[in-house]
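Okay, so chain A shows up in both of these, paired with chain B first and chain C after.
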Partner chain A sequence: MTALRPRGAALEGTDSTVLVRQPGPQELHPRRTRGRRRALELTLAIGIPVALVGLYQLATSQRWIDPRLYPTLDEMGRNTRDLWNSGQLWDAIYISCKRALIGFLFGAGGGAIVGYLMGASRLLRAALEPTLSMLYTVPKLALLPVFLTIFGFGERAIYVLIAVTVFFFVWISTMAAVMSVAVGYREAASTFGAGRWQMFRHVLLPGALPQVFVGLRIAASVSILVLVGVEFVIGSSGLGYLINQGRNLLLLGQAYVCIVIVAVIGYLFMALVRLIGRLLMPWAPEDNAIGPQ
Partner chain B sequence: MKADRLRLTRLGGVVAAAIAVVIGLAACSSSGTGGGGGGPSASPAVIVPVAGCGAAAHTDPTDRSNNRTIARCSSGAPAPQKLLQPHTVVIAGASKGEYSAPVLLGMAKGEFAKENLTVKFVQMPSSDATVQLASGKVDAALAAPYVSFTNGVASGLDLKLTLANYSPQYGGDATKPQSGLWVRRADFADPQKPDLAQLKGKRICNTLGNGTVSVYWMQKAVQAAGISLKDVTWSALQPADCVTALQQGAVSAAYLLDPFWTQIKNQTDKYALAAVQPNEPNGAILYGPNLLEKHRDVGEAFARAYIRTINTYLGPGYHQNATVVNDLAQEIGVEPSAITNGYELKFEWEWRSGILDDIQKTYLELGTQKAAVIPEDKLVDRSFYNQAVGYNGK
Partner chain C sequence: MLVSTEDRNTAGATSSQALDGRAPHAPVAAASSKVSIRGVHRRFAGKRGADVHAFGPVDLEIGNGEFLCLIGPSGCGKSTLLRAIAGLVAPSEGSIEIAVDAARQPIAMVFQDYGIYPWKTVEANVRFGLQLAGVSRQEIGRRVHKWLELLRIEDFAKAYPHTLSGGMRQRVAIARALAVEPQILLMDEPFAALDAQLREILQDELLALWQADRRTVVFVTHSLEEAIILGDRVAVMSSRPGQIVEVVDVPFERPRTGALRNRPEFGQLRGQLWQLLQSEIEPTRTSGQGE
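Showing the complex of A and B:
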């Protein structure tokens, strides 16, 4: 409870543990305060990458770093234009996004199902967790020759490798999310006679979904990471192939441009997953670390 | 609270101002041009005759015939000229193989030590070696004039090809099973007589795609059949994966290096050798600014030791020298039989004139080289080996 009084003046007869606070701008002008905060957040979110880019341009133009080995922004712009006009850039973006999305969907779907089942069943968890944990630690790119032998050198091996990598991230986060749903909620639902489907639909799913989506966001960026690595190794198309080709042919501008595009795609993919999460979980608190709670 | 609002405003102002300053400085600054590399190499010292290296130590560089003579000196020549101060040379190579014998064997036999040189061999991909070479982090590279080399020189990097590596024993002869362009018979209308024109629209596998040196002689082979390498799709895979891809039918042809081609050499019913490297070197030693200018004497000492190793241990018949084979096998990390199972390589130090023009024209046709054909004197420096064998151009 707030009380208006001059600052520094003691309240007579009040307990010293009572905290008295004057209303601040958040209370007096909430919309204006929110607007200013959002403007600052937006400035920082855009400004910091822009500042880093500006610093890079400064470094190359002032020759703090060798522009023959670190292409200038002008050169990268020319490379982008050339790649776009030749059709290579759009083809690479399309094929890479398609691979990442298909691999992610399969991996996330499988990971969510297995994670839920293992989170809900102690017996299943005991049976599968040791084996899956061991497989999780195997570097997936090391399995690429195995997948190439099994699935051939086409797109299937790439989808499978991405899916397998994503699977483990989503499996772990889903299993942990289901297990972390408070026992009290389950007991309360049981008390009210909830069946299995109702338990899932009204207790476990809404309770676990926020943490599942954290895992999905991480898996989204991991899918891009693995994709680029795979396209390096079995390159004939995609952004990873263009990066590797740029490196091999010493067309460093091409490599840098595609690295930036990969970073942007990774960010957009994570943002898309977060947006879907926000739409599906209106009850969940905003997970933006710098936003007001 | 008012204090909080003031702090937020100040922070926002400081951030915005900092960003504006950086952007402003960046916008106002002029873009650096890709300046030229270092100045021209220092003139070599006066060239004096070298004992053991007579007229046979030099051949006409324009001679690219199949039966040309390879330059040679006597065993042990050119004699070492120990540097006053010890020096370490770092040389990068994609892998350790028989082709790296002049370096690895030279290290093992102490030929570099006689020049007061310590040589460190580091493995890294050729494209990375080019960058490391240009920045001075490595001194030399055992590589080839890939398109990364020509693109690098075109962008102003101070790099030169100074020594050749080897020519194949049966260069230009596709009847002898060896490293080269192998094709799947099943992918051709007449499996017994694969027509390279039918590679149009199909996939070819090699380690670096269309930026490798081998494209120039592959282009000649497919152009003779009426197509171009622009008509094929490239798959860049590791050598072992190229073999697997060929066997699985994922690619119709593959450029297989030593010793990977030996995995299919006995399956002549399924695979055929369609084209091979001509009788001329494709691999080379590249020098960076450290050895071209800063420490030219070290570059000369390295060249001497390299040439002496070839003359002393790697002449014709070296596969019959058990000591050489065993030492080389130990350096590479293979069994001696892995070396003697294949053909001898014809090691040489002289670079043939005209190869780089052919290579660059192919790069330009394939769109991998961005600059026009660079004159050979901007890419090759023959002064190091001429100096080492005492050839003064007369």
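Showing the complex of A and C:
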């Protein structure tokens, strides 16, 4: 109140200026402006990666960078065609996606369950938090030999490694999300006599969901990171293996193409998680539904 | 609201003993007590082991079907007292006895904010308490419809709260609380976040709703006008640790309407309450402002 007074006084003094407030284009043509803004956003979203690729092409064709180390787009295209025709590329994409998805589903499921339980129970938190926090900081790739001896050199060790990594990311964000559900929401349910299950079903589960989905999206990209790392080390298949092989055999085109494919898969994976989040949370205002992007 | 004669007798007997001459202002309550608050204190563990004495001792009888308003300076513990009645916090000392009919929902509460769930539609919010109470599907449908209609929010049944204005949201909260048809309705500054006009409108609406079925209400407010318009009695609490300094009967006949605000007696009563409060606020004026 008091802060407004000096400002008002200043306005009275300078009586020559007239502030005009009138509708802008957004108010006069709301649909058209919105359409234009969407078009602009889409153009930028697609244009920037395309421009980066174009810059790369320019750099290689103009010999700004050594084409033996940085193959031209032509060469990469040829490599891709060969890989595709031999069926290697599709196999690699398929098996890598399968590994990431299976690992993610188990890890995220486990992380969400443990996170919800620990978020809801102080006792469980006291019992498990120190141990889990310590394990959280251990690089899971360092545990690979252990997993290999337990689960053998097959697919299972890869699933487990991805699942364990994802678990920790989802666990920690879910637990924090449940704990931060406003006390007021819990109390409102208490006054209606909510039991433990009802509290979970009506309050904690939906109340924590937006934050949980932020964690899930991070975990989705982490699952791809770990996947490629594992495939570097042990795989005889998958995109990580192809990248590594490309480097070793100096098929650099192959390596770069696979890196780009990994990036696209990672993007699509995160977008999928986000879409599921949107569908599950129609109540969340769209802009801050599940964070940026 | 009906109450069994047996209930009425026992409650009446205990209340007159418990009061032990402390409050001569309880003619309504003495008839049939719904809530008996006796020697209740509440302390919170403060920093470095020092306890904060929120309120107490409080002795208060709230009659069946009575609309009791609770006013007092900020931080006097009136909200805590309400939460103690709701069972959200336990008394540190003393006891609160609530005479309830086991077959019906005992209590519902309306909060200043955070009451209704953003992840539920208006309809689902109103359904919530009924679902928890295990009411049959058919009955849920009927009651949700009834209360949405009574609070004039039926057009927004499928909307999510973030699309609604503050007044609408608070209507949803009231509908949700009343839909379970609680024996006692607790309201913790339900209109405090609303602007003055909307506040008066909702007061009038609540008045009309309450006069139609007369359930027991305990209403915490900062606003003296609100307390006078709505209440049968107004309990004035002292600054912390809060105690009931006076319970004032509001003499206006029922049914009341908002027109009451313009009567001269209204102003007189307001002045009387203000004086009671002022003597409580004065000593802490320098420190306790801003809230």
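The working rule: the second predicted complex is superposed on the first by the 265 of 293 C-alpha atoms of A that agree within 3 Å, B and C clash if a C-alpha of one lies under 4 Å from a C-alpha of the other, contacts with A are read in each partner's own complex, and residues count from 1 in each chain.
The rule is simple: a residue touches a chain if its C-beta (ideal position, glycine included) is under 8 Å from a C-beta of that chain, and two chains touch if they have at least 3 such contacts.
Keep in mind the model is a prediction, meaning the values are calculated, not measured.
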Please determine, from the superposition on chain A, whether chain B and chain C clash or fit.
fit
Winner on chain A touched-residue count between chain B and chain C: chain B
Does the superposition put A:35 against chain B (first), chain C (second), both, or neither?
neither
To make sure I follow: the centres are taken over C-alpha atoms, the vertex is chain A, the ends are chain B and chain C. What is that angle to the nearest 10 degrees?
150
Contacts for A:49 in the overlay, against chain B (first) and chain C (second): which applies, first, second, both or neither?
neither
Let me test your reading of the model: by the given contact rule, A:77 touches which partner, first (chain B), second (chain C), both or neither?
neither
Which partner does A:154 reach: the first (chain B), the second (chain C), both, or neither?
first
Output check: A:185 vs chain B and chain C. Expected answer is one of first, second, both, neither. What do you get?
second
Shortest Cα gap between chain B and chain C in the overlay, whole Å, is 25
Chain A residues touched by both chain B and chain C?
none
In the complex of these two chains, what residues of chain C are touching chain A?
83, 86-88, 105, 107-109, 111, 113-121, 128-129, 131-133, 160-162, 180, 186
Give every residue of chain A touching chain C within the complex, in rising order.
182-185, 187-194, 198, 202-203, 206-207, 209, 281-285
Per the touch rule above, chain B residues touching chain A in the complex are 1-2, 4-5, 8-9, 11-12, 15-16, 18-19, 22-23, 25-26, 29-35, 125-128, 130-131, 134-135, 146-149, 151-152, 155-157, 203, 208-209, 211, 233-238, 241, 244-245, 248, 250-251, 368, 370
Under the definition above, what is the set of chain A residues touching chain B in their complex?
22, 24-25, 33, 36-37, 39-40, 43-44, 47-48, 50-51, 54-55, 57-58, 60-63, 66-69, 72-74, 145, 148-149, 152-154, 233-236, 241, 244-245, 247-251
